[in-house]
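Two complexes, one shared chain (chain A), two partners (chain B, chain C).
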Partner chain A sequence: MTSFLIGLFIATLIVALFTMRLYRLILWYSLNSLSLALLAITIGYSINDNTMILSGFLTLVLKAILIPYILKKVSVKFGLSRQIKPNVQIHYSIMLIPALLVFTFYLAEPITNMMVSNANYVAISISALFLSLLLMIEHKNIAPKIIGFLTIENSLFLLGTTATGGMPMLIELGIFFDLLMAIVIINLLFHQEEEEGLE
Partner chain B sequence: MILYTTTIILMIVIAPLLPSFMKMVKMTLLYKKPISIFQGYRDFSKLLSKEIIVSKETSSITSMAPFLVLSPLILTLFFLPPIVKGEYFVSFIDAFTITGLISLSTFFLMILGLDSASSFGGLGSSREAFISALAEPAMILTVFSVSLMADNLGVGQASINLNNHFPFEHMASFIFAGISFFILLIAENGRIPVDNPETHLELTMVHEAMILDLSGFYLMLIESASSIKFMIFSSMFASLFMPFGLHLPIILGVLVFILKLFFIALLVALLEVNTAKLRLFKIPNLLGIAIVFAFLSLITFYVLGV
Partner chain C sequence: MIYLLLLPAIIMLILSFSNIEKSKYILPVTSLLILFPSIKLFFLPRPYSVIGKYLVADDLSAYIMLVSSIVAICVTLAMSTLGLHVKISKKAYSRFYRFFAIFWIGLTLSILANNMGLYWIGLETATLSTVYMIKTNNTAMARKEAWNYMIVGAIAISLILFGIILIYASAKPILGEDAMIFSSLLEHAKEIKSPFLFEIGFAITTLGMFIKMGFFPMNLWLANIERASFYPVAALFSGILESAVMIGFFRFSKIAQAVDLLHVFIFVFIYTILTIFIVSFLIYRAKDFMRLFSLSGVEHMALIALFWASGGIFAALLHFGAHAFLKPALFLSTGILESSGKYKIAGALRGYRGIKGKIFYFLTALFLLSIVSLPPSPMFFSELYGFAAMVNIAKLHQHLLLMIGAIIILLILLSIIFYKFIEIYQSMKYEGKEETKVVYGNEVLALIIFAISLMVLLTPWSFEFLRGVS
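== the complex of A and B ==
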C-alpha cells in the first residue's frame, strides 16, 4: 500500500511537469498532496503514531483542498493566463527527467545505505525534490513557480515521514502555518504580475 | 488442447463486440440513440455481401496486404497469456516478439496505404509510421519491466507468476508500467486523444486514411484486424495489469476475463468522451510521457524493490 501511494505521488509530479494548463496543474498538485496525506495516514496507522495521523489529516484538509482552492480562486480573480508554456521544451524534458531520476537515485545511494527501514523511499523523495525544482526552473510565469515551491514542501514532508518516522508535531504545525502565510503573500505577487501584464 | 483452441476462438468472436460497445457507451453519454452491441457483426456481414472494387492504378500489393495485415495479429493471439487455469500451451515469447509482430502488421497496413498512390493514403501512412515508431520503445520497456517483476521473460508465464504471487513490494513500479501501457493501448489502436476513429476529415484521420480505397471483403479484413488489435492490447492489459481470476473454475474465469475486457473498453470510452483530440504534433508529448513512465518503472524496480 505504501509503495502504491509513493508511486502515485511521483507519477502525479511527473505528469505535472508535462502540463501546459494552469488549472490542470493545480489539480495535479492537489492529487499529489492527496496521495501524500493518505501515505502519512497509512504509515501513522501502521506504526501507531497519532501525531502522524493528525498531520496526515491536516495535509488532506490544507494541501489537498484548501490551498488548491485558494490558488484557483486567486488566479481566476486576477485573470492569470491559463496557458503556461515551459521554457524547456517537452522533447528535451523527456530526456531530462529520466536522466535526473537516475542521477538522484545514484546520489541518494550513500544515504540509503545508512538507513535501516524504508531506505528506498528516501531515494524517491529526493528525486521528487529535484523534479519539483525542475518544475520551478522550467516555467516563466509565477503561478507554476508557486506550485513548484509547494511540491518541494510536499517532498520534504515525504522525506520526513518516510525517513525519520515523522518530525515533531510542533515543526509540522509551524510548516503548515508558514505555508498558509506564504499563500497570502503570493496573493500580492499575483497582483503585481497582473499589473505587469496590463502594461 | 481443446480448451486452448476454444479460448482463442472465443477471443476472435468477442473482438468485434468491444469497438461496438465503446461506440454504444459514447453514444449513450452524448444523449444519442445508441447502436446495438452487435453492430460489429452486422457491418461484417454487410461488407461480405458487397463486391470488391480495386482501383486500376494499384499493384498486386492491394490484393495481398489485407491478409498480411490480419495474419500477424491472429498469430499474436496464440501467444497471449492464458486466460484460464491449466491451459495446454503457455507461450514463451517476450516483448520483442509481440512488438515485432504488431509492427509487422502495421508495416503492411502502411504499404497498403501507399499502394494506390492517392494523397490520402500517403498522408495516413506517414502519420501511422510517426506514431508507431514512437510507441515501440515504450511498449518494449513496459513489457520488459512487467516481466522483470514477474520473474520471467515470457509474457504468458509472467502473467501466471503475477497471479500466483503478486509482488506488492514492486507496486509503484507496477503502476508506472500500467499507466504507460494504457497510453500505448490508446495510441496503437487509434482512439481519441491520438486519432479519431469516426471521422473522415483529412486533418484528423490516420487509420481511416489508409483504407479509403478498399471495399467489400478487403475492408472487412482490415476492420477485423483493427478490432483484433484492440483485443490483443486489452487482453494483455487484463492479464498483466489486473492479475486475478486465473485460479477460478473455468467458466467463471472466462466470465471474469470478459468482464475485465469490457471494463477496459468502458475506461477507453469514458476517456474518449472527456478529452479532445490532440494536435498531431503534440502526440510525441503524450507518447513521451509513456516512455518516461516505462523507463521510470524499470528504474524504480531496481531502486524500490530490493
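== the complex of A and C ==
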C-alpha cells in the first residue's frame, strides 16, 4: 500500500509537469497532497504513531481540500490565465524527467545507503523536490510557480515522513501555519494588484 | 519573559488597525518597548530558559536580540517621516507596521530558538511578512520584486528545511526527538553515526541560508529587492532579517565544526571567497546608493561567515554588530541622500544647513568611511582579528602559505571595494551642484543612536562580553 501511494505521489507530480491548463494543475496538486495524506495515515497506522496520523488528516484537510479550493477561488476572482504553457516543450520534458529521476537516485545513493528503512522513499522524495523545482522553472506564469512552491513543501513533508519517521508535532503544526500564512500573503499580493488595476 | 518579548509586537499589530494619523507617532514609541526585555536578558543567568528547552537565551542570542532591537527602534523612528521623502499611502503605512509586528514575532522566535524546527518556523514567518513590506512601495518594480522575493525566498527556505530534515534524520537514532534541539546536537555531535548524512544536511541548510543572504550565485537578487523597496524595508532586511539568518548559520556550523572542523572551513572558505570575488566587481560597477550598500552588505556577511568558520568567534561577532548598525544607518540615510534623484551620487553630501543638517552630514560621512573599515571603525579591528583567526587555523593544518596567498587575494578584492567607496565619497562631497536638502529630527536621532551603539561596541566591556561568547 505504501509503495502504491508513493508511486501515486510521484506520478501525480510528473503529470503536473505536463499539464497546460491551470485548473487541471490545481487538481493534480490536490491529488498529490491526497496521496501524501493517505501515505502519512498508512505509515502512522502501521507504526502506531498518532502524531503522524493526525498530521496526515491535517494534510488531507488543508492541502488536499482547502488550499486547492482557495487557489481555484483566487484564480477565478483575479482572472488568472488558464492557459499555462511550459517553457520546456513536452517532448523534451518526456526525456528530461526520467533523466532527472535516474540522476536523483544516483545522487541520493550515499544518503539512501545510510537509511535504516524506507531508503527508496527518501530517493523519491528528493527527486520530487527536483521535479517541483523544474515545475517552478519551466513556467513563466505566477500560478504554476505557486503550485511548484507548494509541491516543494509536499516533497519535504514526504522526506520528513519517510527519512525520519515523522517530525515532532509542534514543528509539523508550525509548518502548516507557515503554509497558511504563505497562502494569505499570495492572496494579498494578488488582491493589491487588482486594487491598483482598478485605480 | 516571552510576554515581555512579544508584547510590543502585539500592541503594534493592534494599533496598526486604528487610525494611522493618530497612531503614527505612538507606533515608534511602542517599538521602544522592544528594548527592555532585550536588556533584561543580559541581567539574567544565561543560558536562560524562555520556554522550556524550545526557546533559550544564551550569550549569542542575547547579543543578537539586543542588536536587532536597537535596529528595529531606529527603523521605526525613521519611518515616521517616510511620507515626507517618498509617496506612501496611509493604507500602505499601516500595513507596514502590521507586517513589521508579525516580522518581529517570527524574528524573536528564530533568534531565541534552541530547536531547529522552531528556528525555521520563525525564519519563514519573518520572510513571508517582509514579502508584503516590499509591496508597500506602489511601483511595478516593487510588485515584481515582491513576487521574486516570494519565489526565491521560498526556494531558499525550503532548502533550509530540507537540510534540517537530513540533520534530524542523521541524529534521530541516537537522540530521538531531541535531535531537533541545538544544544543536544552540539553535545552529542561526535556520536552521530552517519556524519556524512549530517554534513550533507548542513551543506544544504547553509546553501539555503547563503542564498537568502545574497551569496554566490544569487548576488544580485537581494540588491534588486532592496532597490525596489522603501529604504526602511531595506534597513530591516540588512540589519535584522540577515541577522536571523546569520544566527542560524552560527548554530548549525558550530555543530558541524564539532563533527568535522576542516570540512566546514573548506566549504565556507571557498564559498565566501567566490562571493567576495563576484561582489567586489559588482560594487565597482554599482551606480546607486541602495545597490552599493546592499552589495557591500553581502560582502560583510561573507566576511562574518568566513571569520566564524575560521574559529574567530570574537572577530565574527564584532563584525556582525558593526555591520548590523552601520548598514541600516546608511540605508536610512539614503532617503535624504537620494533627495535630488535616485542615481545622483555627485553632490549628495552637500547642501545640508542647520544643526540637524550638519549632524546628518557628519554622521553619514563617518558611517561611509567606517563601512570600508577605516580605523577606528569596529570593522577595522574585527578584520584584523578575523585574518589572525584564519592564519591560526591554517597553522594548525599546515597550510600557512596557502592561507597567506588567500588573504592577499582577499585584501586585493577588499581594496577594490575600498577604492569605489572612497571615489563615491569624494564625488558626494566635492562634485555636483549644491542643492538644499531637508533633514528631520527623528532621522538624525536614529543616526545618533546608531553612532552611540557603534561606540559602545568599541568599549572594553563589549570586547570582554564578545570574547566570552562561545
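Here is the rule we use: the second predicted complex is superposed on the first by the 189 of 199 C-alpha atoms of A that agree within 3 Å, B and C clash if a C-alpha of one lies under 4 Å from a C-alpha of the other, contacts with A are read in each partner's own complex, and residues count from 1 in each chain.
By our rule, contacts are C-beta pairs under 8 Å (C-beta built on N, C-alpha and C of every residue); 3 or more make two chains touch, one makes a residue touch a chain.
Please read all numbers here as calculations on a predicted model, not as lab measurements.
Student: Contacts for A:14 in the overlay, against chain B (first) and chain C (second): which applies, first, second, both or neither?
Tutor: First partner only, chain B.
Student: Quick check on the superposed pair: does A:46 touch chain B, chain C, both, or neither? Answer first, second, both or neither.
Tutor: Neither partner.
Student: After lining up the shared chain so the two structures overlap, which partner does A:123 touch, if you call chain B first and chain C second: first, second, both or neither?
Tutor: first
Student: So, A:111: does it touch chain B (first), chain C (second), both, or neither?
Tutor: After superposition on chain A, A:111 lies in contact with chain C alone.
Student: Going by the contact rule set out at the top, does A:90 touch chain B (first), chain C (second), both, or neither?
Tutor: Only chain B; A:90 stays clear of chain C.
Student: Counting touched residues of chain A, say whether chain B or chain C comes out ahead.
Tutor: C
Student: Please work out whether A:174 is in contact with chain B alone, chain C alone, both, or neither, and reply first, second, both or neither.
Tutor: A:174 sits against chain C, while chain B stays out of touch.
Student: Between chain B (first) and chain C (second), which does A:102 come into contact with in this model arrangement: first, second, both, or neither?
Tutor: First partner only, chain B.
Student: Show which residues of chain A lie in contact with chain B when the two form their complex.
Tutor: For chain A paired with chain B, touching residues are 1, 3-4, 6-8, 10-11, 14-15, 18, 90-91, 94, 97-98, 101-102, 105, 120-121, 123-124.
Student: Contact residues on chain C for chain A in the complex?
Tutor: It is residues 54, 115, 117-118, 120-121, 124-125, 128, 131-132, 135, 138, 143, 146-147, 150-151, 154-155, 158, 161-162, 165-166, 168-170, 172-173, 177, 180, 194, 196-197, 200 of chain C that touch chain A.
Student: For chain B, which residues are in contact with chain A within the complex?
Tutor: These residues of chain B touch chain A: 168-176, 179, 284-285, 288-289, 291-293, 295-296, 299-300, 303-306.
Student: Where on chain A does chain C make contact in their complex?
Tutor: These residues of chain A touch chain C: 110-111, 114-116, 129, 133, 136, 142, 145, 149, 152-153, 156, 159-160, 163-165, 167-168, 170-171, 174-175, 177-178, 181-182, 185-186, 188-189, 192-193, 196.
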